[in-house]
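Below you'll find a set of structures to go through.
Next come two complexes, and both contain chain A; in the first it sits with chain B, in the second with chain C.
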Partner chain A sequence: MAGKKGSYAGKILRVDLSSGKVEKRDLDLEFAHKYIGGRGFGSRVLYNEVPPEVGPLDPANRLIFTPGALFGTAVPAASRTTATAKSPATDMFGDGHSSGHWGSLLKSAGYDQLIIQGAAEKPVYLWIDNDKVEIRDAKHLWGKSNMETNESLLETHGSREIGTLSIGPAGEKKVRLACVFSDGIMGTFARTGIGAVMGSKNLKAVATRGTGDVGIADIAAFKKAYQDYLQVISVDPYVPPATKYGTCRFMYHRVKFGIHGANNWRLGDFDWRPLDPEVFRSDYQIKASACPMCPVRCRREYRIPAGKYAGTVTKLEWETIARCMTCGVNDPEAVIYFSHLCNQYGLDVEGMGDTIAFAMECFEKGLISAKETEGLNLAFGNSDALMEITRKIAYREGLGDLLAEGTLRAARAIGKGAEKYAMQVKGSEMSAGDPRGMPVRAVSYATSTRGSDHLRSNPYVEELITPDEGLQHFGSREAADIFQGIKGKGKLLAWSENFVTIGDLLGLCKFAYYRSATFGYLRRKGVELATRFYNACNGTRLSEEEMLEAGERAFNLEKAFNVREGAGREKDIIPERFFKEALAGGGPSNGAVVDREKFDLILDEYYGSRGWNEKTGLPKKETLEKLGLADIAADLQQRNRLG
Partner chain B sequence: MVWPTLPRICSSETVWGNGSRPRIQAGFRKGLSMIVRLKLFSPLSDAAGASELTLALKEPATLQTVVDTLIARFGEQMKRHLYDLDDRIIPSWAVFLNHEIIPLNRPNALGTEIVAGDELSFILNIAGG
Partner chain C sequence: MPATRSAAGAARKGPKRRVLYVSLPDQADRICSGCETCQLMCSLEKTGAFNPKKSRVKVLPLAVGVTIPVTCQQCEDPACQKACPEKAIVPHPKLNLVVVDEKKCTGCQACVGACPYGIMAYDPEKKRALKCDLCEGNPACVQYCPSKVLELAGPQRSAEINRRRFAAVLANEDTAARNNVAGAEQIKTLPRTLTLLAAQAPKAIAEGGR
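On to the complex of A and B.
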């Protein structure tokens, strides 16, 4: 089968920047319905085309952009695109996910996926204007920020109806913490250093204009699903705080549980009051807006009215606040300005916050000297130092050149035991809240296929299920016990990873579909309605179980990629600090550690639930075959990498 | 959508839609009133129009009494945030009772005894990000 149907545009676009060759081929709809889109398409292509001998910054690495299967339709909160590549941060599977307009314009131009390979000899950008695809000189864009690049491309192409992807100076310098941005700073493909891959290809930007459309096969079924979605979010108490505060809302949860992880993941409690969501809302917020098609509206833009950062306007998400606390900073204007710098330089705020916090602790302990910082007082809480070291990392100046490699590589270069202060998993820095005292969350950070990540699963399911639901769905009432439970947790984690992957296949926002106040609302949105939307758009009859299996298939593909790179159970681990150092600073979780025995028991159950070998963490042949990945099972068998 | 029939606003001894019954602790002194302080986070604070409240309750009181009183005072909007469409308490609310965490997905959480002078915070126990 081939050609345009339903929510698919119908073609795959491939551009070789080394040869200048542009190739278009029809989308195979059997492939489409098996891998769905977004992360599924990206992970399959990456496995096929990037073998272990290819390095992340080699021209042979692929940079793959795939809008979610429902992006471009009117499905609410379907606005996400996946960028996939071998990661310069982890040397394993890497990806980032962003909202923005670009993905829908790629589909309107007729393409479900853009695969970029090779590297240009000089800076270029890609101009996709429906059928016309050109590689253009980007000399005039090189060195510009993401906002400047976006504005320049809008002007060049004489229309505000184009979408753009771009990297900032950090991507150009191949900083391993660099991101790709969508439409200026509307969206960010953060994590895993995707921006460095784009920089390694000398690709500054992609500008796209599309005037076509995608279809909806069954309008009546679509409308019914739409109404049902709106009904669920109208009663779900998870939604109003998001609409009121944006993602800043998460502060209150962190405060109540005392899991800030301030000062490089040492302090559970912290002087957070200057960063109260009400402060951002009342003193700095200038705009509450939405990603395309989203009724939740949790995007926020802030402006600093006075002082040394006066006039700064930028978007900001919760993780920026969290990671500034990791650096000991609690000045809201510094937080906003740090977000602004990262957005303009094209840097991942999560990786940056942890990397700078790592450097601050090394400075505190004398592992980095004042001479090495060139006089910069890299003390926790010094917001001026935070801004200056951010600039140095973006341009790889002085100590910034070392830190631009990320925490793990920097720690290894520093030596002297610095590695124990590098808070990372698989080479990717920590994110979200401190896992001490919450064992399943700790395991979820470890099992994520792209390194530490709270968005790779939804272990928070344990917070909203009842014991009866735990027994029914995960085999144990203990699954609903946040603090003491063990049984059922591994199964819960595996299920939640498959569950949230559905969102990345379809292009659905995690907050709009994969977080809820009850398990009933959660499954209704994330599985039932997601599947109904897909079927309504494409005229298919996928069952909810098949949709979950598609999520499981994509997760196993990524796991297989990492296994082929040499990763086994030993990589599914969190930093030693979480096991050995009690959370300090007072607060409700003071004194908590991650219990290693519980961690291992949950991990064992997780592997068993996934059909992977419990000792090695490697997938079993029958598991991959059951998921329709027999060719991958054969490949891993040949390499002696099956469980 | 067909909205379910609302259960009447009830006392602590009412049996709710899911059959759960408040666990009345031994040792209460019946009939006396007491004051407890509440801190509410969004969306409960939005429904109440305040983030801090003082409630007068009759003894004996449990967490169920507090929930019932909130609904009696602030009506349908408050109920919608605390109960799901099947009239089950929304399990992801956590109540911090004088800083002790009581997740409402814990069995018999609503039967927890409340005494004069207690401070309670209601917060959605969903890290989420």
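On to the complex of A and C.
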């Protein structure tokens, strides 16, 4: 493998768990340069191979792992792998993204993508040792936590230099909030219930050893881009708080706008002070950690020294804190312990927080009785109840069995109007901050191709542009007005979605490339340097516009997938609560609602600038053809699903 | 071996022994973050491709949140050199250290097993041992470490670092722990290039934090 000139490994690995067949196919470089990698590869394969007739938990669903195109190189923060499958949460397009070592080991083993299809009859794990691929018995691993599974696999394969993917008990039980974890708890493919897909295939884990090189075409260009990247992050004011506090720093952002969404997205302000980033840093943090190759170092592991959770050591990100507040919990030790439980059971903290908050509100409103909770006092702020119901969901016990289906399905089963307390979009629970008062954010949650998601669109762009930049790039000075602006917002959102997608194609972390204090730094990192890194590693000459178009192509692919599943404009909507109930509890956004009229106007402009039909939200034929997706346009035309 | 000896002898009159120091206790931010940039930059510098297996520096994960870069200690009396049946580990012509002569190396891995720090690497494709040569005095790992944990230090700087570590231990155990300094007992037995095993977050390791 020596002398390889480019960051692609060169092969696609396909494993059929039903037949036990293993297939290796050469990577077509034309395909590679069109879809780039990561999310682009995953989306294309999913569209090709999973038609609407296939249910998410059917053996015919695909579980696709694709490391970003630059994963395995020393490009800063290139450490993300995409897991793609039809989602058990949304019944539409689903994916999750994770850092960890596994992706680079897959590349070193010689593969750019792992496609898993079929289902094993009994629990198995996959052992990929360079050329050798084996399906092995996993009876001894079944029931184990992610950390235990990882340790056991490291032991079995006699080396710490392997990478693993695994599911915890929740994935085994096909909980629709289950995740896949990378290397113990190093990274999480969190959203859209990918862990349940893995569980439905009876696949407990994937262990991988790779010893080959990941190549590079132009070392001098790479080193130059590397120095330029370091230069940008050394002056970007966004970076130091990330290095100091990790993602806990986002508390200050939420406080600034008063958009906590506490107690199931009702309170804008909340007693957040016990959860101040400084508390986590000085009382619990072990040290500043980093994902592979990252100079920003915002990963954090925390340790609880004393008290009832003494000795707990786990990884925790901002969203865990945010979702604990959604459940009314503001005890930092409870937050860390909740993160620990979710990591061990293999659950998505965002989906879990919202689902439990939904149950708490139903309990408060009398839609779930004490008998149904088996005596558990599911009151907002009761951290003991939070832990117990988390366990019940993981093992599908009692009320947990119902909640394991996620908010939307649980709400439909409960009936009695419970659906209005289910805070979800397309069946996937809310994440990040409350959108009331910030119309673009509201629309971005609706247009995300995998259900409610802030990382799909990066709506923060509006917070850092100047009116002049708004006019120059998005056609209106209003684009820079967070609260009142309408014109230019749809265009901004479409651009921002294409922009952050680049990160998912290349495997770049969004915090390291797609957040900044100014629009100039943001574009420099997210487009210019990302493109230069790709070209340096692969000897290509992609322009920045072509890279943005690759992002647009992947986004349209996912949109087309959802459209083929039957979703149109009616699915691009946020929960009614955001339109009708004013944000309460005080704070800067107190009393705010999402103005439905503004929401629709921005959505119209968004569809227009995407080249989709403004009324139906369906992609137009010429838009797909322009992006090189003529076959998809033809498929949708046949199904009468074009705009 | 008179010829090589005289060449090395001449070099010894120049800049003295230089060693890679790890995990300076200067400030909390200068702790290994586990990003492994050093590994890939080492392999890029030495092989022109990315491969942690071919790196001369290894980042060792000890527990959740605890990682230590382990580097070649550039021993005074190298075990790798003594173990080599081919006499393929020879003095560097300029620096005060030994290097692998790729022409003589047969890939038997005797040195890999003999290194007391487990840091002799092996290239499975070329079938050759890999040893750190400090990149001719400008190591890639030092250049690219984002946490500035690695430092190439000469004797003056070495003395300064050692004094500070030792003083911190004397001052009190708590400070020592907070600054990730090994106990005085450990300092005595540590190799000259202080790779502070178990010095980061000692409590987490002691309690088997996972």
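Rule of thumb we're sticking to: the second predicted complex is superposed on the first by the 638 of 643 C-alpha atoms of A that agree within 3 Å, B and C clash if a C-alpha of one lies under 4 Å from a C-alpha of the other, contacts with A are read in each partner's own complex, and residues count from 1 in each chain.
In the analysis below, contacts are C-beta pairs under 8 Å (C-beta built on N, C-alpha and C of every residue); 3 or more make two chains touch, one makes a residue touch a chain.
The model shown is predicted, which means the values in this text are computed figures rather than measured ones.
Trainee: If we overlay the two complexes on their shared chain A, which of chain B and chain C does A:74 touch? Say first, second, both or neither.
Mentor: Touch status of A:74: second partner only.
Trainee: Given the touch rule stated above, what does A:115 touch, chain B (first), chain C (second), both, or neither?
Mentor: A:115: touches no partner chain.
Trainee: Now for A:293: first (chain B), second (chain C), both, or neither, which partner does it touch?
Mentor: A:293 contacts chain C only, not chain B.
Trainee: Counting only touches as set out at the top, which of chain B and chain C does A:153 meet: first, second, both, neither?
Mentor: In the superposed model, A:153 contacts neither chain B nor chain C.
Trainee: Counting only touches as set out at the top, which of chain B and chain C does A:520 meet: first, second, both, neither?
Mentor: In the superposed model, A:520 contacts chain B only, not chain C.
Trainee: Quick check for you: in the superposed arrangement, does A:329 touch first (chain B), second (chain C), both or neither?
Mentor: Neither: A:329 stays clear of chain B and chain C.
Trainee: Output the chain A positions appearing in both contact lists, the one against chain B and the one against chain C.
Mentor: Residues common to the chain A contacts of chain C and of chain B do not exist here, since the sets are disjoint.
Trainee: For a test of understanding, state which residues of chain A touch chain B in their complex under the given definition.
Mentor: Its residues touching chain B are 231, 235, 237-238, 240-241, 244-245, 247, 249-250, 252-254, 256-257, 318-319, 432-433, 441, 454, 460, 463-467, 480-482, 511, 515-521, 588.
Trainee: In the complex, go through chain A and note every residue touching chain C.
Mentor: Residues of chain A touching chain C: 1-4, 72-74, 76, 104, 108, 147, 151, 160-161, 184-185, 211-216, 219, 226, 230, 243, 286-295, 297, 299-301, 303, 305, 311, 313-315.
Trainee: Which residues, counting only chain B, touch chain A once they are in their complex?
Mentor: So the residues of chain B touching chain A come out as 1, 41-44, 46, 80-82, 84-86, 88, 90-94, 96, 99, 101, 103, 105-107, 121, 123-129.
Trainee: Help me check something: in the complex, which residues belonging to chain C touch chain A?
Mentor: 28-29, 31, 33-37, 40-41, 43-44, 47-54, 60-61, 63-67, 124-126, 144, 146-147, 200-201, 203-204, 207, 209-210
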